[in-house]
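In what comes next, chain A is part of two complexes: it sits with chain B in the first one and with chain C in the second one.
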Partner chain A sequence: MSDQLIILVIVWPLLTGVVTSLLPANKRLMTLWGSLNLVALNGLAAALLLRVVSQGTLIYTVSGWNRDPADALSLGIELKANIFCGFLSCLIAAVALVGFLGGVCTWDRQVGHRLPHFLALFFLLVAAFQGLCLSNDAFNLYVMLEISSLATYGLIAFGGGRAYLATFHYIVMGTIGASFYLIGVGYLYIKTGTLNITDLADSIASQQLSKAFVLALAFLVTGLLLKMAVFPLHFWLPNAYTYAPDATSVLVAPLSTKLAVFLMFRILDDLFIGVIPKSLVSWSWAVVFLASFGILAGTSLSLAQRDLKKIFSCLIVAEAGYMLGGLWLSDSRGTIGALFHLVNDAVATLALFLVVIAVQQSVGGRNLHDVKGLFQRSPLTVLALILVSFNLIGVPPSAGFFSKATLLTGAVASGHYQFVVALLLASLGNLVIFFRIIEVAYFNPIVAEEGESALSLDGQRAGALAAAVAASLYLIGLSSYNIMETFIKPVVSL
Partner chain B sequence: MSFFESHFIYGFFVALLMIGLYGAIAKVNLVKKLIGLSIFQTAIILFYVSIGKKDGADIPILPYDHGHSGHMLAPMAEQYINPVPHVLMLTAIVVGVATVGVALAVIQRIYAEYGTVEEDLILEKIANS
Partner chain C sequence: MRGLAILCAIVVGGILLWGSTDFPAWGRLDSPASVNLSDQYIEHAFEETHVPNLVSAILADYRNYDTMFETTVVFTACTAIFLILRLPLGPLARHRNTTHVQAARQRLPRDPILEMACRVLFPPTHLFGLYVLTHGHYSPGGGFQAGVILGASFILLAIGFDLRAILARFPEGLFVPMTALGVLLYIGTGVLCLVLGGNFLDYEALRVLAPGISKEMIRSHGILIVESGVTLTVGSVIFAIYANLVSRGNQMEGL
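Let's turn to the complex of A and B:
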């Protein structure tokens, strides 16, 4: 049983999704069923992490297609859990559980009687995220990437109205991105004859870095840049995430682009170990420049918005630049910082989109002028907003401070000063973005009308959840040294 | 075999890919965009299928009741075309069909919402509302 832990982490949410689509659209039943299954998933992911911690990296061959005894090459699909994969798997499970609970109060308003179908896609998406995190097969990663995208298309289209056009744009861009990745995998397959990432890495290391490899890398990276929504390729993201139902964005926004970043890390660090920084220095300059530009562009886009959800969606574009830049600094501190930022940003984005739900439930709108009087109605929401804003600005004990500090050290050490400037300017931008919101929420009180209840229970609950998630950022920050040493450093080979 | 003969399939793949990409990005009509996207995906499928080909090789179906185990058959691998890319493409075709299905459903909803599938007209309607 315990040997099957890796596959169970993927199959459990998948089967949950199948069963969910058959259940009646009863809100209480669904809440209970969904949270029970997600708690179980959290247990499985935690057990997997414990096992990885005690036994080292785990390899699982699907359907028992073990390696060929003659040449030790892989025959079937492999799943691999190293210590960071185990950690990420726990993070995905935890974000899914919290996001699920946070989204419950928006079901009546935004999902209605199609709830079983909505949740079936929700669990399918969780399964695909777990698969992306644990798969060790280049083609299987493509399939998981597409499953996660297809589930996301459906979940976003539940938003109705403007969401349909946004979904269509996302379908076009997402499919082009995944197809580019597939072309890259094809080139690698021609050159090496294998799809297993470990075998691919060995084969690449033993061959001359020919043009075909460079082209393969270019396709893989471009495809993932589209999926990560880095600045010039970002335009599908803000609308898609803004018009999606709140219960969707609370799961998709924290994880979707982050897993594309993780895939980029796999390609740079697992596939082309050490080959890129040596031979493609000009590339790393170009990509870091792109990332720096993306950070500034994302922050400026965010400054120009008045819809809270769109402000936060544009911030995701900026955050993708942080991680992309960190991975391409060709400095181990950059990579460590990028992976730590991935963890930090997933939690911070979750808190931000929970805040959106809390605002919507407490004051009935999410425009900048709607948050007026938010402090009276839901002080915890404002607290959450303040805590997350400190994290994004980079105030010391928060996780954001430590990830930015690590990224900055890496950038200075490798001489990418434009990245340093972009990071610092973005912090300043975040300061303006958040204080604009907090100012309206705190200093513009409203006079409650007769008969209007000042406090909405759902808003209070969502606010409390958001505050708890935001507070956990400081816990992550305080244990940042341990997280980096235990979970991140052992997997960074650069 | 001349260079043209051995490489023409790659040229064809790239041409098809570019036609599809142009359609997906430049066309204003959403259905035409989707058709472009389909061509784009089909080009990749074609590319993968062409990888498996070997000169003078047979289809990879082993005769029944051969009396050999898998390992003893391994030296005969050059007699059969490589089935792995073909099998991969079965999955990619399924993914492609699912994508087109979802996209068509979304286009249907867009048509119900705005009464047109021309992107510029839709954007105009959104801007006016």
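Let's turn to the complex of A and C:
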């Protein structure tokens, strides 16, 4: 029975999503229904992780088409959970639960009577994320990308006003990215005749690396670069995430680009496993350069913004550069650092977008001048902000320190000094970005006006949640050695 | 900007063409795509599923997990459109009713020839849709195509008469839940297989419920069940999207 956990982790939120669309728009009912289902999902994901830890990688054949014994090709679709997939699945479930709870207080303001359909898309998105994390089939991954994109478009466009144009940009870029991915998969299929990732990897390793494979890799990577929003292809992201409803961005921002990073890791590490070190060294240099440039560009974009949500959205662009660079350093420490940074960044971004909700609920705006006196009104929110900022700057013992240290070691060992410089400059940039916010929040006390003295309970709660999430970054940091050794190192080859 | 876009398209297309010179020759029997999996499917699909139409067998059995998510894609698109476009039926509705009456006054008179033609076409279209669904095992067809035909038949009526006349018989309270019920039928079949002891969507597990049926035939029946779910979703989604798009989300006055 424990083999079925892997499919349950995907199907549970899927079923929840479809059923949710049929339920009445009752806020209390929806909160209960959603949190119960997400708690159950967390339980399932944790059980899956335990199963994978105790019994090793789990491979599951949907619809029972086990491998043909004759030439051992997979007829049906396989799901695969190795130890990092299990860990990531738990992370997705946890982020979804916390994001859901953090978003509840914004429903009245931004969702209203459309709640069932909004939450239906929310859960479908969670299911698609789980599917992206656990699928072992190149085409199935595309289908999952499609669902996650469609649900995201709907959830973002629901913000109304400027969100429509932002979503349109996102749709155009997202569709191009997905088509590039599909072209890559098509080229691979023509050359190998299979879609299963394990079989594809075997077939690629047994054939001569010809230009069709290189092109397939190039198209897969370019498609994912679009989804990851790395610098020159990033322009859809800041507006889309800024104008999305808060309950959307708190789920989409932490996970969406990170799963594209994970997909890229799978393509590099699982698919082109025997090929990468030999023939793509010349390329990897260019990609790392792009990543370094992206880090600096994202940080400077962020410096220029005054809207809190946009500041944090631009930081996502910079963070994508960290992970992209790490994956292409052609050094195993770079890959380990990138995957650890993925975990760290998902949690940090979740905390940041919870802070946005807390600020919005307690002071009614999210501009830089709105956070004036935030420390008086919601000290926990400021605490969360400080904790996350230390993480992004890379102060020990936060998780950000360890991920950056690992990335830097990898970069120095493989001689990519421009990446080292970009990382250090970005840390400085983060220092400035966050000091600006904290300075306004702490040193500019607000002159108490009448009727404003009542503290918003919602804001306090969201602030507390954000502080708890931010504090967990330090737990992750303190156990970073264990996480890297147990969950990440076993899956990284090279 | 436009020139740049055209240049990009030409460059990317050129690169793709350049890459395609590396492909195995068109239609060769020993190309990887024809030897590895295709042989397995072509030789064994009929014995394993008793479905002569290879496409249906692959779509709804070997790769039914993908098809489940493709159906979910359709459902997701519909939910997203509903979320964004559908207007609330709140205090605004009364106001909209008055504009609706005004619009109705300006409307062109009904055309009896057009209405009669739609009336006559509707039942055969429906029948054909059901035929395409049930005959998908033997000939080109299946859930998605049948759904499109069924949805199109309602759209035909909505164009021939007007949206309100159709919504009176096929109301929103019916077709919106139908979009979800189709997906639920599909996922539910999968979960049922799981509960009965098989893997997810492994139709063979359903034999517990129907002991007299061979394990190949039960796969064939399983395909029909999930295809019906697809039809239900696709048909109602097509009409739901149409109804929301043409009326700008108020579902009062169509084209």
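One rule holds for everything that comes next: the second predicted complex is superposed on the first by the 490 of 494 C-alpha atoms of A that agree within 3 Å, B and C clash if a C-alpha of one lies under 4 Å from a C-alpha of the other, contacts with A are read in each partner's own complex, and residues count from 1 in each chain.
The rule we apply is simple: a residue touches a chain if its C-beta (ideal position, glycine included) is under 8 Å from a C-beta of that chain, and two chains touch if they have at least 3 such contacts.
This one's a predicted model, so the numbers in the text were calculated from it and none came from an experiment.
Once chain A of one complex is fitted onto chain A of the other, the partner contacts of A:61 are limited to chain C, with no touch recorded for chain B.
In the superposition on chain A, contact of A:191 is made with chain C only, not with chain B.
Looking at the shared chain after the overlay, A:73 reaches chain C, while chain B stays out of its contact range. Look at A:139: by the touch rule set out above, it reaches both chain B and chain C.
Look at A:215: by the touch rule set out above, it reaches chain C but stays clear of chain B.
Once the two complexes are overlaid on the shared chain, A:328 sits clear of chain B and of chain C alike.
Looking at the superposed arrangement, the partner reaching more residues of chain A, out of chain B and chain C, is C. Judged by the touch definition given at the top, the superposed model places A:84 against neither chain B nor chain C. When the two complexes are overlaid on their common chain A, residue A:231 makes contact with neither chain B nor chain C. In the superposition on chain A, contact of A:353 is made with neither chain B nor chain C. Residues 139, 143, 146, 150, 153-154, 157, 183, 189-190 of chain A contact both chain B in one complex and chain C in the other. Partner chain A is touched in their complex by these residues of chain B: 17, 21, 24-25, 30, 33-34, 37, 40-41, 44, 47-48, 51, 71, 74, 84-85, 88, 91-92, 95, 98-99, 102-103, 105-107, 109-110, 113, 119, 122, 126.
Those residues of chain A whose C-beta lies close enough to touch chain C in the complex are 4, 7, 11, 14-15, 18-19, 21-22, 60-65, 68, 71, 73, 75-77, 112-114, 117-118, 120-121, 124, 127, 131, 137, 139-140, 143-144, 146-147, 150-151, 153-155, 157-158, 183, 187, 189-194, 203, 210-212, 215-216.
Note for the complex: chain C touches chain A at residues 15-16, 18-24, 31-38, 40-41, 61-66, 69-70, 72-73, 75-77, 79-84, 86, 88, 90, 176-177, 179-180, 183-184, 187, 190-191, 194, 198-205. Of all residues in chain A, those touching chain B in their complex are 70, 139, 142-143, 146, 150, 153-154, 157, 160-162, 164-165, 167-168, 171-172, 175-176, 179, 182-183, 186, 189-190, 195.
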